[in-house]
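There's a structure below that I have some questions on.
Order of writing sets the labels: A, B, C and D. Residues in every chain begin at 1.
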Amino acid sequence: MRIGFIGLGGMGSGMAANLLKAGHEVRVWNRSREAVERLLAQGAVPLDEPHQAFAADVTISMLADDVATRAVLLDSGALAAAQPGAIHLSMATLSAAFVGELVEHHRQAGVDYIAAPVFGRTDMAAAGKLNIVVAGPPAAIAKVQPLLDAMGQKTWPLGEEPVRANVVKIAGNFMLASAIEAMGEASALVQGYGVEAGDMLEILTNTLFAAPAYKGYGAMIAERRFEPAAFKLTLGLKDVGLALSAGQARNVPLPFASVLRDNLLEAVAQGEGDLDWAALGGRAMKRAGQA
Amino acid sequence: MRIGFIGLGGMGSGMAANLLKAGHEVRVWNRSREAVERLLAQGAVPLDEPHQAFAADVTISMLADDVATRAVLLDSGALAAAQPGAIHLSMATLSAAFVGELVEHHRQAGVDYIAAPVFGRTDMAAAGKLNIVVAGPPAAIAKVQPLLDAMGQKTWPLGEEPVRANVVKIAGNFMLASAIEAMGEASALVQGYGVEAGDMLEILTNTLFAAPAYKGYGAMIAERRFEPAAFKLTLGLKDVGLALSAGQARNVPLPFASVLRDNLLEAVAQGEGDLDWAALGGRAMKRAGQA
Amino acid sequence: MRIGFIGLGGMGSGMAANLLKAGHEVRVWNRSREAVERLLAQGAVPLDEPHQAFAADVTISMLADDVATRAVLLDSGALAAAQPGAIHLSMATLSAAFVGELVEHHRQAGVDYIAAPVFGRTDMAAAGKLNIVVAGPPAAIAKVQPLLDAMGQKTWPLGEEPVRANVVKIAGNFMLASAIEAMGEASALVQGYGVEAGDMLEILTNTLFAAPAYKGYGAMIAERRFEPAAFKLTLGLKDVGLALSAGQARNVPLPFASVLRDNLLEAVAQGEGDLDWAALGGRAMKRAGQA
Amino acid sequence: MRIGFIGLGGMGSGMAANLLKAGHEVRVWNRSREAVERLLAQGAVPLDEPHQAFAADVTISMLADDVATRAVLLDSGALAAAQPGAIHLSMATLSAAFVGELVEHHRQAGVDYIAAPVFGRTDMAAAGKLNIVVAGPPAAIAKVQPLLDAMGQKTWPLGEEPVRANVVKIAGNFMLASAIEAMGEASALVQGYGVEAGDMLEILTNTLFAAPAYKGYGAMIAERRFEPAAFKLTLGLKDVGLALSAGQARNVPLPFASVLRDNLLEAVAQGEGDLDWAALGGRAMKRAGQA
């Protein structure tokens, strides 16, 4: 298939590479040129402007957030350049409100909009092992399924309304943040009694909580290893904000998300914004006066 | 080994049965007689008074809480009847403060006190598959290891100070409650956008949160299936209280535990105290006005 | 002075009337015509378009929120019609972020921007008894001081940077909401022991808390009298949101504001959005299962 | 009247002195002797043992907390020495649960128990200006009314059930703590925008919040003046704990109290336990990284 790919960050680069490996023609655009260069050897075709990515069977976007997506797709006029009948596979983590706006813009442009945010970090993206939650027009999804298969280990369908995929992504990140905070508080608690956080987390992440999320973040919290950041704390704050605003729009109180927001803000105020968001787990220990 | 076993509730009955299967002589006491009767066929010897359970190589207690343990072991004079050099393997979920008190009583009585609370519900107890966290005098632990092996799938050592095992147990239950609340809030969030909680939880509990705790409670929340109660919500409130009081004694703020306590109290006030504590997850949906 | 006045809601009508009483020439614009009609008998001059209000010595705006202010002042082109050297006295409760944006627009237009939000409800506005917090260019403030004196009982200066007046207004409303919540929780607590909320509040609002805010809201909570709404709960939710977003922009965690937001959202979800925001105080009793 | 007075701390000394001034015979007991010596010149009669204070028409106790009250009145056997028909005027801030226990002990001893906790600090106690909330047997209250009049500026009756007076006292202290936290958060918010906390609090405590509680604590927060402590932060933590436990016993969630507890614990963990509890207001600024 002929694919236009917009956004070659840590995630997008791996995803585009897997599409190339699967034999697709992939034309790429990125704000900075270096990421583009790295993909040329693998067969990517460079684009000068984002609107060129819409001259394709399927356009994939994987930008940082609402702001970047608005700038590149809407304000630049890129979407307006799309052919009616085109498909836009939007894989970034976007707010529920902005997805509503995007859906309307696409409807007017006659472009099918598929929301397909992903679970997994850059290593999973590079390995084609992402979990992809997808919602949009069924025929369009059927058409892009080979692309989703090339990028992910599994696709999880959520119906026709695109925003549904986004809120599941947002809910998942909220649950991750909650798990980090819970491990942090539990660590502060047992350390108050002389138990190493690592000893407690070793037990729990091999029994009740024997899940990837707990094992990975648990080890970081136990070792206070918050650098280098695979996912910055400021991005975590942004994502918890997505949960809160999505909840507010539907009158859904989220008391855990409120606590997370306050603790993440405190971390940023204390200079920890560039650490991995696992550092949220370290705040509980600092509040308790533990080293 | 000759064992005195005090407390044949859902957990204790299964544990005592496994000790009998392993060939030990088990003499049992329980407040109500029925539980005793059920074990006789498996070879248990009934006792009339709790103090008789201390005429043994090892006395095991598995009572409901601080209050029951205080009544049966201290107020009744049972511990005072123990032989110096005896071992008490205390497996209940007790408060950090009360364990401190118990340790002192045992020191005065010349009895080794081992704290060995367990992770696992009644089915795990019956199957001998408990995870046991243990702390106490090393020689005493070595002596009871065959008993722990008969009752559990694994023993997790936490050093010599008994209270350490208890706070790890308390921390684990706090993390469970946090997981339930997080799933409940995430469910309310996605339902605000027309996504079934079950569809969201199916995805997350098979990927990032593919852990026993999430799968089990996630299914209950998705189906709003809170009866029959395997672990009552009022017990969950008690356990979150153990975390808060243990934290307070060491100046450890636990903001998630505070939210949990408030939400559990609200559930009790709304008549849900006898439901399974997974009903905590349902509160988030009710607060949002969802059916 | 020749005044253009935009926004004749419950507050603006009273304020404009007091300017007329003080002998000023007041030309008024409002989205709906009825409010304009009511002021004509008092000598107001009706305007057809908001931009006409900027053909004046001082333009006063008192619109509902960011959205209304943006629509009427910016999107309509009204501000662009202002003469360089004009003064805009902006008295609405606006977000810190939007005020920053407005300041920049006014700088470009060569118009002095004074922020002067007010404390007081419609009866205080009608009586000219508002408390006005003001920040902006000193010379401009000196020029409008007679107008502030006509509308308020006292002006509280906060320096040259307009946003400072807005955040003090936002902080004050946050403190009001906190007082309502605190009275609600205290009421639920004592009612759990058979004490009427009114009996408790009678004591406290005549001693430690003998302040207007406590007496007024205390009486409403004691009597569960939340209709008619002098200030709707949904507006309270908006204002608490202003505190949270202003805090987030400066990395200031506000845990009380987070609780307020969750409880106000819950109230809206339960159908109480159109009640007076004193109904926030009633939520605590409902959560406790009290009638 | 012949009065036995137990507990001559900062509060009790002033109260006993006012009883002496009013012409009563006051026999006093205190754990440390110095406080007793100071009252002798004013005509007090020293007692060697607390039980002697029960050989009186009315016994007044004003001890630090549950623990001190239990030790001096119950464990020492003092109450057991009381004559049937005696009156005990219990003025300390005690927990709801312990008051229930005390009422039962007094019933068995045939002694009338009146709960009469007070609002006001040591200066108010010395000046006879306390506000006293009272509940107990009407005839007994009528008899001690002259004593209440000598110690307080006003007595607020709350019926026959003693615990009612205690929960109103507990609710009042919870509302004070909430006011301190709200002022602290509001201060952190405006300081994020360059407004001095003192400038904001000057406005609000002279308008909406023109109440003694806000003026006094507001000034301390504005000046970060938390020493010397008129009421230690650790005592504030204890009192918030009284609210939480009283609420828990009646299934009343108190989310503000939960936040207060966490923030007070954090303050203690950070070494601020001996500061005045107004320091709670300073935590919000510290969390935001403000000096």
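The rule is simple: a residue touches a chain if its C-beta (ideal position, glycine included) is under 8 Å from a C-beta of that chain, and two chains touch if they have at least 3 such contacts.
This is a predicted model, so every value here is computed, not measured.
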item: Chain pair repeating B-D, as identified from A-C, A-B or C-D when over half of the contact pairs by residue number coincide; value: A-C
item: Furthest chain, CA centroid comparison against subunit C; value: B
item: Centre distance in Å when subunit C and subunit D are each reduced to the mean of their C-alpha atoms; value: 37
item: Distance between chain centroids, defined by C-alpha means - subunit A, subunit D (Å); value: 53
item: Where subunit B touches two or more other chains, by residue; value: 247, 251-255, 259, 262-263, 266, 269, 287-289
item: Subunit C-touching residues of subunit B, taken from the complex the two chains share; value: 255, 266, 269-271, 287-289
item: Complex contacts: residues of subunit B adjacent to subunit A; value: 96, 119, 131, 133, 154, 156, 158-159, 161, 163-164, 167-168, 170-172, 174-176, 178-179, 181-183, 185-190, 192-195, 199-200, 202-204, 207-214, 243, 246-247, 249-257, 259, 262-263, 284, 287-289
item: Parts of subunit A lying in touch with subunit C, wherever the complex brings them together; value: 241, 247-248, 251-255, 258-259, 261-263, 265-266, 268-269
